[in-house]
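Sending over a structure as structure tokens; questions will come in a sec.
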């Protein structure tokens, strides 16, 4: 019926997830960290949609869930940037390694 | 009556509780209360005794506890040996109860004293009625308790405290032997009942080596209770208790329980040559050993205590040489004359307020009653012909001779000699010579004290005739249920008499020279006077090593167990400090660590092929 | 009625708690009385249960099972899997411990009249502790057991740390850490079993693990089962406690208030024994059989170790504390023998030590109340002016050293009977401990009661209400000692069942 | 195995998506990074199309390629950070992380490799939007409403956070 197997989508999602993870954990610029997180969420979404089609019991639920995820991602991006703005105003930096007021 | 015999020990028990709870209200009348209960007990015992002269043994049991498929029962058994002990114990106990009224007169805690006596009498009577080893063991410990309480009666005295503790612990060491033997027997036969055990022994169900071990272990129990070497050291110290107690517990009844135990489990010993030999040698050695110490003691009660040890050794010697009847016979006669001696000694102490024979002398005229009574006892124990001690001793010598062990026979003769010697040394130094106690007006004891002594004296003289070569061997026939008449051996009697005579003679000569054998500089003397340094030996070895173990364990506790704790605490603290540094405020670092840990976990599970199965 | 009796029993101390809670905290006398009254209700119910048992009512008819927690939606496969029910049940074995709990709680509440401060909090915690103890002995599944176990743990922590002697806080932390480790191990075992087997019900677990006719979703390998068994036993060995996990218990016994120690030594240590027998032997019979020799050796070491250390202590509390270590060693090796006599001995010893230790620590309360010290070197000759107290102390000591006619003897005797059957040599070594027991007990007791006088004339002897705990405990001790059958019958059936599982 | 059109489309989209990701990591200017990511987002939308999820694909383009990217760009500009992403950081951490990620990827890959789910016929592609609508407003209506509340909260929160402090103070 279809020539692209489920595993192909999963592997793609895995690769994107790993890239996002690497970015989120290494980049110093907070904006990039946020974007990397978006990438990770996207990778997860691919999985959701893929399983909605190729899963044990195919259903529309997967797609609906991916929509929810996107909503949350959007909200997260908005709030995250707002926090970043506030921080930048106070500390004049966007570098994540300089934000260490939670130190012991 | 016979099936209600279990009531016999309950009377003294009732007296114990009554006096313990309401002792204050009874006050000095406690003596009458205690005596009354014991008397009832004695009457019952006497009735049972007369009944059982004709009947065969009687036994009654009921279930007490279930262990797996084995039923443990309790009950009582009345066979000739048991009934004999029953009547003996209740009788002497009654007499001592009576005597104590005079001796303990004016003591504040007299109700407690009588309560303890009641407890002891209860335990001892129940002990001799036990149909099985477990029950015997239970009361075995309880008589130990009675003895412990009475030794420590004068609790404010340091010596009494120490003696009580020592008595309890030393006898407990012996008891453990009995416990081991008993449990081993149980797993061999699945029962504590004598009858079952004896059947198994006869059927040869138990291997010879194990049987020997068991018999010796049981004998260890007897050794502890009867103050035999090497567990004897508590018995002389036990003389810290009131003198009537010494008479009842540490001369006539409880210490004889060891002999009773071996006699009651005699088939076990008969099945093992080695065990019999061990019994005989221990008995013989203790007899001589104790007699030799008695020769140089200066405390009247201690002389008697060592004499008791020596006589008990005699009984074990008899048991070990197949002289079952002889041993029981001597147990009976000894109970009477030794009780008499102790009571008489108590009477003397009561009069002069000292126990040191160096401070006594010339009391013959002052103590009109006590003197002759003491003499009767002395004659009986020395084996002077026609008194009870003579017959029983002769019987023992005969059994040793028949056994063919000449070494043991020599031991027995030597002991006889020493016995006669130290007893008369004691007698002469108390009653002979000049008066040395001028301060006190020495008064004869009241009738309540000499009356029991007279009764005992009568028995000391007469009881021997139940088992003589001339008039018949009633006791032996009854005990063994067959005609055990043995041949009359005049030469043995002669030898025994001569030996006693020599002992008395030496004592008299020395008395004439007014030497008490108390001073001496020779090393041999010092060794004997210090009781062969056995106490010191125990002190230096057992006690010190136990303490050393305890101390070293204290260090282990402090440095190993708690030290380990400390190490754990330090390590935890160290990690906590290091971990605090990880709290850098760097969100990315946290994320990295969390992720890496997850990755490690995942990879490990991957390599391990799934999680732990 | 039957359906609610067990929950009623477990939660009956709540009534007392509410009564206390409503009182202002300055009402000393009322609070103490309410605390005591609060313990009466469970006592009555448990006695009623015992009476029912005597009349032949089957104890299993009181069993209850309410739905409680459900995990996942595996109900479509098997509705007993991955569910946890609120299950309480009763058998002879647990009834013994429940009776012990209710009786000792009542007596400890009486002894708590010596508590000097913060009565309200004290009695609230005290009754909470009782709920925990009762629940522990009735819980029919491991998770419920664990929850009640933690209730005792928390309430006891505060009871130790708040009301006690000088170093009470430190002792409480020792208690916390050791028992915390024990709890963690226990939780680990319970969780693993639940994940693998899908149930925490004890009977179901036993059946699945041993009969094995149920296909598990995640099968357990023999190795894992062994490990679980060992962890479970370490957890309970800490609670019991057995050498080398005993140091917390010694500290607690030294520092906690005497009524708390009465309960602690009397009941809480027995949770270790109860857990070992019920869960260890119940769930892992084969593994226990493999470990039996180890149990016996450790038990004997514990027995001797405690005895040797008790011999040189200079504080009466410490003597009794080490004697507890020693006596728990007997429980442990009795359990390790895995035969009728040994197991019965272990159960007997647990009950008997409960009564005796409670008595001994009650006497400590009396002694401290009068003299203000429990140091052996500062005491002596009390028999002169406190004859009744001295007599009671001596008798209690004799009970502790296993004098026949009292409960200590029959328990030790049976444990040794069992040990001799399995390991003769070990048993002969262990017998030394019996001699040492006599030595250290007499040393301590005689030091206090006999000898030189060091007392003040104003100390009064035992009086009034103080007779109640002494009399009741002596009754229990002597009743077991003279006629052990009544206790034996309660547990005999259960022991036979357990032994059948080992097949020996 | 012949290469179908669908496969070709997938390969192309996947290549672009991964390339965008790699560029995100490798580029140095922040704005470039964000732009590289737009490619990824768009190609993911394409992937959704292949998975017969047209509605999701459209939302993806609208939300990610549109809204989020723009927001991010605004963020970058407002924080006025034109500095280049200099290689500072901890080299060891990067290497370790890389290893960890590789290990993790490998482990998950094993899982994917062993995965075998039989393909079943679906009707997702028929009136996809309608199906989503029906599901959203029947079965998932409560989550949906909650989501709207969440968005509102996020909106308010973002405004409160981002507005200048001195006005309030």
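Each chain gets a letter, A, B, C and D, in the order it is written, and its residues are counted from 1.
Heads up, the rule we're going with is that a contact is a pair of C-beta atoms (placed from the backbone, for glycine too) under 8 Å apart; a residue touches a chain by one contact, two chains touch by 3 or more.
The structure displayed is predicted, hence computed values, not measured ones.
Novice: Quick check: more C-beta contact pairs at B-D or at B-C?
Specialist: Top pair by contacting C-beta pairs is B-C.
Novice: Where centres are the averaged C-alpha coordinates, which chain has the largest centre distance to subunit B?
Specialist: D
Novice: Using Cα averages as centroids, what's the distance between subunit B and subunit D in whole Å?
Specialist: The answer is 95 Å.
Novice: So the centre of each chain is just the mean of its C-alpha atoms; given that, what is the distance between subunit A and subunit C in Å?
Specialist: About 55 Å separates the centre of subunit A from that of subunit C.
Novice: Can you check how far apart subunit C and subunit D are, centre to centre, with Cα atoms defining each centre and the answer in Å?
Specialist: Chain centroid spacing, subunit C to subunit D, equals 60 Å.
Novice: Which integer distance in Å separates the CA centroid of subunit B from that of subunit C?
Specialist: So the centroids are 38 Å from each other.
Novice: Going by the contact rule already set, what residues in subunit D reach two or more other chains?
Specialist: 93, 97, 101, 104, 108
Novice: Indicate the residues of subunit A shared as contacts by at least two other chains.
Specialist: Each of 21, 25-26, 97 in subunit A touches at least two other chains.
Novice: Going by the contact rule set out above, which residues of subunit D touch subunit B in the complex?
Specialist: Going by the criterion above, the answer is residues 93, 96-97, 100-101, 103-104, 106-108, 110.
Novice: Okay, in this complex, where on subunit B does subunit A touch?
Specialist: 580-581, 583-588, 591-592, 595
Novice: Spell out the residues on subunit B that touch subunit D in their complex, using ranges where they run on.
Specialist: 589, 592, 595-596, 598-600, 602-603, 605-606
Novice: What residues on subunit A touch subunit D, complex-wise?
Specialist: The contact residues of subunit A facing subunit D are 1-4, 6-12, 14-16, 18-23, 25-29, 31-32, 34-36, 38-39, 42, 45-46, 49-50, 52-58, 60-61, 63-64, 66-68, 70-79, 81-86, 88-89, 94, 97.
Novice: With touch defined as at the start, can you tell me which subunit A residues reach subunit B in the complex?
Specialist: The contact residues of subunit A facing subunit B are 21, 24-26, 33, 96-97, 99-104.
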